[in-house]
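Pasting the structures here.
Two complexes come next, and they have one chain in common, chain A, joined by chain B in the first and chain C in the second.
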Partner chain A sequence: MIATRDETLAIRHSDDVVRVRQAVRGEAIAAGLGLVDQTKIVTAASELARNTLDYGLGGTARIETFTDAPRRGVRLTFEDHGPGIADLDQALTDGFTSGSGLGLGLSGARRLSNEFTIHSVVGEGTRVMIARWK
Partner chain B sequence: MDRIPILKLGSALLVSIQVDIHDQLARALEEDLSARIVATGARGVMIDISGLDVVDSFMGRMLDNIAAVSRLLDADTVVVGMRPAVAITLVELGLSLTGVKTALNVERGMALIGDGRYEALEDDRAAEGADDRDPG
Partner chain C sequence: MDGGLAILARLVETKGDALLTRWRELLLEAGASGGGRIKDAELQKQCREFLQALGTALNAGVDARGVAGPEFASARALLDEVSRSRAAQGFSPRETATFVFSLKGPLFEQLRDQFADDAVTVSNVGWEMSQLIDQLGLYTMEVFQRSREEVVRRQQEEIAELSTPVVKLWNGILALPLIGTLDSARTQVVMENLLQAIVDQSAELAIIDITGVPTVDTLVAQHLLKTIAAARLMGADCIISGIRPQIAQTMVHLGVELDVVSKATLADALALAFQRTGRTVVRKAAKG
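Moving on, here comes the complex of A and B:
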């Protein structure tokens, strides 16, 4: 797998969530994803960026495009040093929320991605990696 | 602070979201719209999202909330202009916006909330009264 482009954005304010959406859109186009795939990865990115802000108390979004023949796509890594998630199974359940949201953020982002991995340690933080390819 | 403009069109209010907006701006729109419904006595609210290339769960919830609040304030809400890729993504996300009426475009949306009738708003009626002309 070859990473062809790579950038990291800070997520500190809700403006940054907009910036992440726009940057992911740009990379998804560069990776040659179709319109529906672009929309899915940008929507997933929006959910995860908001989680990083609201639950992770801020963090970073790393946006990479990759070529892994015959696949080309976008890989996103959201990382925070917030409180972490104690029960991942529960957090990934539709409708479960510890905040005021709909509880679709993590589960929805997983459905919208071809690949989804999450790693979280209570007291240390959370890292979510998703990818979508054509 | 930035605000999304709310236009009056007959007995309805029209909002066109043209750019990707951040969460605070979406919350402000929710509050502004409910205040304008009460101030104008509008019977319908039309939200044009043809400019949005992404609707995530937050924006979806905001549309749902606006529809619910409008209903309590005696106004119908219709969301128009959703892009096909956005609709596909929303359903996969698990958000089918069951509480929101939708229409393909502004014209059809107007027919839906106004039932074809373009009633005058409260302030328009007052103006007509002062004018004292026979509408026939």
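Moving on, here comes the complex of A and C:
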């Protein structure tokens, strides 16, 4: 399966989170996702982009768009070289936060996506991949 | 033989006037005055001062840091000013970069004239000169870019203040129509405006309408919850309106619970507010 479009955006400032959201919305529309799916993937992207910024100390967002059969949709990969997550189960628990948020971003992003994988090494960084298919 | 940069320094010093004249010609040709947005006298002044600063820097000697070194402080300050003023005046990146890059031509011409029979020196010094001007050009672009970003940021701040009006719907009933992105800086303004309006108007109900908010994520939800809690402490209840179906579904998946009464539209919320404050809206009987 080959992505029709593939772009990587930097996340260094809170404005970049808005930019990622807008880019994801554009690509979700291009992939033919419905309004609810668009909103879900954009919201998930917003959560993960802000995590990348706040906890990962900045990183990148890769947006892959699939517009051809057999699968249409978007796949997002957020990567940072921050401190990493020591306890993934805890991080994915509703209501747990090491910062000052609601503690629902990461777990919520998982519920909003069709695919969710997270890989984190303490001291090296975190990579989260999510996808939403039509 | 002297180093390339020393030769260059002497060139700038001795041929300053010729360089200046030729440089200005090229700048005007290339349209670097931006169609008259920069006065000729000002352009000339910028050119002269830059050549002087460049001469000083070259005489002081360039170290490994290149144009980032202390010798180039005054040249950099000048470029700062040049690119900032151009960014503010809406010049294009090309028009701004041309200021520095078009100096290459005159410098090379002078070099060629002076060492007409020494191709090796011309190419060696020319190469060093070219690298130096490139660095200065890149520096100019960095400053230009930063200045543009500052302009954008300032505009964002202006928009943030403009777009958070608190509207009085009825005695004691306020509405806060939120539009756009709710980043933290803006939410701060929103909260302050609403709380102040609650005091000023002794309001008991505030309707927060989020029809114009494209994405409600956990941060937005958290800001809303905090605003609602603060309003409650001041004796006012909040009603949220304008949650669209797709946003509602997304919020459920996120696991966000807004512990507050919500209505689909602002009209519904106003009807509820009337009801809560003991008012009824009655249609006058149609005549005839």
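Quick notes
Heads up, the rule we're going with is that the second predicted complex is superposed on the first by the 131 of 134 C-alpha atoms of A that agree within 3 Å, B and C clash if a C-alpha of one lies under 4 Å from a C-alpha of the other, contacts with A are read in each partner's own complex, and residues count from 1 in each chain.
Criterion: a contact is a pair of C-beta atoms (placed from the backbone, for glycine too) under 8 Å apart; a residue touches a chain by one contact, two chains touch by 3 or more.
None of these values were measured; they are calculated from a predicted model.
Superposition of the two structures on chain A leads chain B and chain C into a clash.
In the superposed model, A:134 lies in contact with neither chain B nor chain C. Shared-chain residue A:119: touches no atom of chain B or chain C. In the superposition on chain A, contact is made by A:36 with both chain B and chain C. Looking at the shared chain after the overlay, A:81 reaches neither chain B nor chain C. Shared interface residues of chain A (contacting chain B in one complex, chain C in the other): 14-15, 17-18, 21, 25, 35-36, 38-40, 42-43, 46-47, 50, 94, 101-102, 104-105, 107-108, 111-112. Residues 153, 156, 181, 183-184, 214-219, 221-222, 245-247, 249-250, 253-256 of chain C are the ones that touch chain A when the two sit in their complex. Residue ranges of chain B in contact with chain A, taken from their complex: 20-24, 53-58, 60-61, 83-86, 88-89, 92-95.
Chain contact summary for the complex, chain A toward chain B: residues 14-15, 17-18, 21-22, 25, 35-36, 38-40, 42-43, 46-47, 50, 94, 101-102, 104-105, 107-108, 111-112. Those residues of chain A that touch chain C in the complex are listed here as 14-15, 17-18, 21, 25, 35-36, 38-40, 42-43, 46-47, 50, 94, 101-102, 104-105, 107-108, 111-112.
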